[in-house]
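Consider the two complexes below, in which chain A is the common component and chain B and chain C are the respective partners.
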Partner chain A sequence: MLRYALRRIPSGLLILAVASVVIFLLLRATGGDPAAVKAGSDASPDTIAAIRVALGLDLPLPVQYFRWLTGLFTGDLGYSLVTGAPLASLIGNGLQATFVLTFAASVLAVCMGLVLGIVIAVSSGAGRSVLDGLASMMLAVPTYVSGVLLILVLSVTFNVLPVGGYRPILQDPQIAMQYLAMPALCLALPAAGVLARFLATSMRQVMDEDFVRTGMAKGLSQGRLLMRHVLPNALPPVFTVLGIQIGQMLGGAIVVEAIFAWPGIGSVLANATLARDYYLIQNLLLIAVSVFIVIQIVTDLAHAALDSRVRLEQPSP
Partner chain B sequence: MKKLTIPSTTITSSSRRQLLMGSAGALALLALPGCDRSAVKEAATGGTTTGVKTVVLTQSSDFQTGSMMAQNNPNLSIMRAVFNPLTEYDVKTMEPKASLASAWKMSDDQKTLTLDLRTDVLFHNGAKFTSADVLAAIAFMQKDTTPSQTKHNAKIVTAAAPSESQVVLTLAHPVSNIFDWLEMMVIPQKDSYEQMLTGAAFIGTGPFKVDSYKHGQGMSLSANEKYFKGRPKIDKLEIQIVAEASSRVASLKTGASHISMDLPPLDITGLITDSKFVNVIVETWDSAMYVASNVTIAPLDKKEVRQAIAWAVDRDAIVSKVLSGIGLTSSLPWSKSSPAYDEAKGNSYKYNPDKAKQMITAAGVAGQEVKICYVAAQAGFASVAEIVQAGINATGLKATMVPMQPADFFKGLSGEGLPGLFVNGHGFGHLRPATLLKGAFPFNADKNASRYSNDQYKALSNAIWQNTDASKAKALYDEINAHLLDQQFVSDLALGAHTYTISTRVKGLAYTALDYLILDQADLA
Partner chain C sequence: MSRRAVPKANPAARSAQGAPMSSASAADSALRRGLRRPRTVIGLGIVAVCVLLGLLAPVLSAHSPLDQSFGALQSLSLAHPLGTDELGRDLLARVLYGIRVDVVVAVVAIPLGALVGCTLGMLSANNRWYGTLLQRSFDLMLAFTALIMGMLIAALIGSGTPAVILTVALVNVPLFGRITRSAVMTQLSRDYAVAAEVLGVSRSRLMLRHILPNSVDALIVQAALSFSMAVFIEGAMSFVGIGVRPPDPSLGATLKASINFLGQTPAYSIAPMVVVTLLVLGFTLISDGLNQALLKR
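After this line comes the complex of A and B, so read on.
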């Protein structure tokens, strides 16, 4: 498994290199001028031109590209072209907040998805229809709507959770978790709905397998059969879906972060894109690509660990 | 083959326990509000201990730390909280008052301004305020890379400091708006500019000192015990960046915040039905909405077409629907406090679709296309653009909407030009007219967003800028108003205002002529 992970590193680096060029060129091709945004709507062309020079935006593209790469390799990410903020702290703080949110949402999604998926799989009749409907609703309701509804119910009406905001988890865990609860739940709901439906479908398929019938014939209790035999065999495809869902949660965090004033990377990326804050966008997108590569490798490894029929590498001849 | 099902009623007690454990784990986070310390209660006090007066303010956008010498909406909340200018207008009379400068004298030829500085002012880091800080501010403001609408307005030839408490400015020629320039230029501590630009530190002389600033999250400030106008009554000020308007409204309703800046008008009208909230309208009316033309593009190169568009737009609809009544219709850029304000001329263009249609037909351009550019992310301007489009379509022209991102829009505005009409906002209609004519890019006679170049307009702008004789001013203002109404390269539509929606617990809130929030005398009941 370790050898598999190590062998994926060169291809991962190649993907990153190609992605860096594509991201750099696409951003330049989209038009817009970060110097004009920095200068404001009343700025004269002279001021904007001076800012462009000061920011190095007048340099040839290859020079700008290699300056960026040099900065990356030397750990000097530079400053935001528009706000002047140091990119290392902007990205560091944002990533920390987004990872905390996504991790909490993933845990919640897995717990809710597992419980709901199993209950749907083993229920029948009207109960199953109701639970199926619930799972469908969870994945169909946009996070914007569920977020506002959660605020209305839990903050405005019952006033048990703060409307929004953020506290670093290590600084004050008790208060931080209360700030985290609503955005994490909001982000987790659609993923939990997807996981529940996939798990229920996968479990029903496994329940039709001969080995389950054999187990029942041997007198295994249905609970044991369900938890020891059906669920483990139903989980691997769900795990693959979970990997995709975590990736989507990272992207979907933009909306949730805006609603709950969660200072994650989503809002940073959205604002940077609107303002064409080139270096900030480039770094963030490159980080996103790296995260997806890692998630993909981890998902493959986990899939193989859960299902012995899956081989990560071709056997040696 | 018969399908195997496992009814839920047959799940064993051990698997049920596992299910329950899973459920408990999933709900653990939701049970956290039951903790002995409540984030809700802490949020309502700004996260501080009882007895500390903390005011929490929410706003939609992060601060622009590179634009501290410009009027910039996201900075309205902190500019006057952290810094002071040399002089400051009384917003009622628009007469300059002393601030960091205790007195001043203009020479008879109106070309030398001597400013006496206060000697009892300390910066937040303990450094003494001196003339060196003023010279540093002037030098910083004059830099090519410093964004500021008024940077070229003073036309300073030399700035000298005969002593620690005096600064002498020599001007190339008299200027009518020197106090606008002084109001805009705040004085940070002379060694703190690099830190200010990156947001690492903000060292001013204002009533609050910055304890911490996190990009995208907000700023924590505490009372400046040695503030030269007296210690503020509030102990702490927390400014939170909350992008979503509905979340800012909910925050006010739950008591987690006390002030929200520039809420959407519809949210304001909803909130103030509750007696616990009031809406403070910044009555400088410094937030004008306009539609302007790139006059190099047909059919907007014809003055008659631009005038027809001015007749075609329903300004009342903009005030009632977009601004929810918090606005005034206007055909000129000036608000009431401006010396150039003329109520009758300001109402020259009223909604008259029939007249507009006749003018378009007479100009022979019916059926031609005009594009309307606007920043899509700014909901107010998008709505104005829709009203403009409806009005133009009724004239026989075909209006096409062009939603743009800020980076593209501003690039077009200042650089390569926008492909037709553009909807945007401007300020400075309430200050000295020269500040708008020289500082607001839509109106700049030398180079403007409309590509409008006219010798008469240039001469008038310069005359207004350089005229310090009050007896001649009225005639100049009449001339410029007539020119603007006739040429319509910029068609002003409505004067809006910044707003601070506040809890009635907050008392004593005020604002400067540049709409900056003043909390010197504010208190929390």
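After this line comes the complex of A and C, so read on.
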């Protein structure tokens, strides 16, 4: 297990390193002038030049890249070109809000996906088609459509939940949950659909195996057979899918946060993109990629822990 | 156990060079079977209706989507079947012309991405060094989820329809690349390919004339999925504000604006919602149906 981890992690770090270079170069190459953004629209060329020196933009590229990297490790992420606020706190607050949202959505997605997947796997005929269709709808409908629909039904028509907003969960859990419910549900639906379909397929494959037939012949109840034998064997490949889905929730969070005015990292990124706040964009993109890679590695490790065949596989050429 | 229908290399059939001909008939039959499945047909129908509505926009709606002269938030009427938005623009026109934007984006971006992706995929299947390099690059590109890639591109070239097109194209490159690579590698191990090589058929001819046609099934399934993704991505980017620039019509932007008026005019949000859902659903059904036909072998 340790050996597998040691094999998996370096490639992840390599991808991260390459991603950081790509992000850095891309934003430097075409984007525009950070100094001009900071100076504002009325500034004179002299002011812009002075700011350029102050920001260290006249230094050779590798030096700038290195300064950025060391800043990342020391926690100094620089300052916003637009507001001048320290990026670290801006990003920190955003990450907190997004983390709460994504965590809640993941839990919801797993619960809904598991239940729906099991039900689809054991049902047949018309019921199965209906449920399968339901899962397809869940995964196909975009978050910005389901979000608006949820608001239309739950806020406007029935006035059950607030339209948008945020309360830190530690401050006031009850009210925070009210604000969290719809965004988390909205974010969870596509992932739940994918998980349900995947689990159903996986379970169907396991149910065809000989050992299940043996269990039935021996008189095991369907419930016990399902829970103690079929499910544990059907779950491992679902983990990889789960990892990918949680990673995609990061992208989905951008939209969901826009719909429900959730002040997470997605909103921060969206505003930064529109305002051309280059350093903010740079750091956020790197964080997004690293989170995605970490999730991938963690789910791979979980998969390997559950399925020893993965561990013993030779690395692909 | 049913094996995949391998194109039978008929020893009697020779191409101009005398190389054994592999038929593309295996690919055709899977495709034809896929097209007969109810899902695919329903999906195709839904998509066709929506696209037709978009293409016929000037005929179906007498107004321009940019004309703001009709009075804000009017309710449904004969002159304005879907009412108007808060700036007084006819909503039917906004929605219909919004479909056009999606069609344009998909039709431009997906072939572009597919072309680049398939070329890179073929390269990577042929050459070991390129193979590893391209595989890792694909992994990297897939690590950027679509919307985040969209943000990066919008930060670089500015928001707007070109940014959306570029994002959709780039998202498709690794998707098509991976599929092409694995399909080509599978085909390369088959008898007809080995025989062709032995007979001296050049690599490029082998790739283009024989292997690619046999790999087409999975690519078409991916293409259907890509169309649904294109609608998705355009909507998301426009929703967040980095896509189609106002005042140009866009389904995503219309949805975003409608949130503020949900209580007053539900039609404002329901129309784009229905259209986007139908489009995405339609393409997903198509790809599902085709996929099922492929797996049935």
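Here is the rule we go by: the second predicted complex is superposed on the first by the 256 of 317 C-alpha atoms of A that agree within 3 Å, B and C clash if a C-alpha of one lies under 4 Å from a C-alpha of the other, contacts with A are read in each partner's own complex, and residues count from 1 in each chain.
Keep this in mind: a residue touches a chain if its C-beta (ideal position, glycine included) is under 8 Å from a C-beta of that chain, and two chains touch if they have at least 3 such contacts.
Predicted, not measured: the structure shown is a model, and the values here were computed from it.
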Problem set entry | Partner chain(s) touched by A:F292 [first = chain B, second = chain C, both, neither] | second
Problem set entry | Touched partner set for A:Y166, first chain B, second chain C, both or neither | first
Problem set entry | Larger contact residue set on chain A - chain B or chain C | B
Problem set entry | chain B versus chain C as contact partner of A:P236, first or second or both or neither | neither
Exercise. Who does A:I15 touch here: chain B (first), chain C (second), both, or neither?
Worked result: second
Exercise. Is A:G71 touching the first partner chain B, the second partner chain C, both, or neither of them?
Worked result: neither
For this session: Go through the superposed model and pick first if A:V148 touches only chain B, second if only chain C, both, or neither.
Result: both
For this session: Would you check which partner chain A:S136 touches, where first means chain B only, second means chain C only, and both and neither mean what they say?
Result: second
For this session: Based on the superposed arrangement, let me know which partner A:I254 touches: chain B (first), chain C (second), both, or neither?
Result: second
Exercise. Thinking of the overlay built on chain A, is A:R276 touched by chain B (first), by chain C (second), by both, or by neither?
Worked result: both
Exercise. So which bits of chain A does chain B touch that chain C touches too?
Worked result: 31, 148, 151-152, 155-156, 163, 258-259, 273-274, 276
Problem set entry | For the chain B and chain A complex, residues of the former touching the latter | 1, 3-8, 10-16, 18-19, 22-23, 25-26, 29-30, 32-33, 35-40, 42-43, 58, 62-67, 70, 72, 144-147, 149, 151-152, 197-200, 214-217, 240-244, 246-247, 250-251, 253-254, 256, 377, 405-408, 410-411, 413-415, 424-427, 439-441, 444, 447
Exercise. Hey, which residues of chain A end up touching chain C in the complex?
Worked result: 14-15, 18-19, 22-23, 26-27, 30-31, 136-137, 140-145, 148-149, 151-152, 155-156, 163, 247-248, 250-252, 254-255, 258-259, 269-270, 273-274, 276, 278, 281, 285, 288-289, 292-293, 296, 317
Exercise. Once bound in the complex, which stretches of chain A touch chain B?
Worked result: 31-34, 36-48, 50-51, 54, 79, 82-86, 89-90, 93-94, 104, 107-108, 111-112, 114-115, 118-119, 121-124, 127, 148, 151-152, 155-156, 159-167, 174-175, 177-181, 184-185, 207-208, 212-213, 216, 221-227, 230, 258-261, 263, 267-268, 271, 273-276
Exercise. Where on chain C does chain A make contact in their complex?
Worked result: 128, 132, 136, 139-140, 143-148, 151-152, 154-157, 159, 228, 232, 235-236, 239-242, 252, 255-256, 258-259, 262-263, 266, 269-270, 273, 276-277, 280-281, 284-285, 288
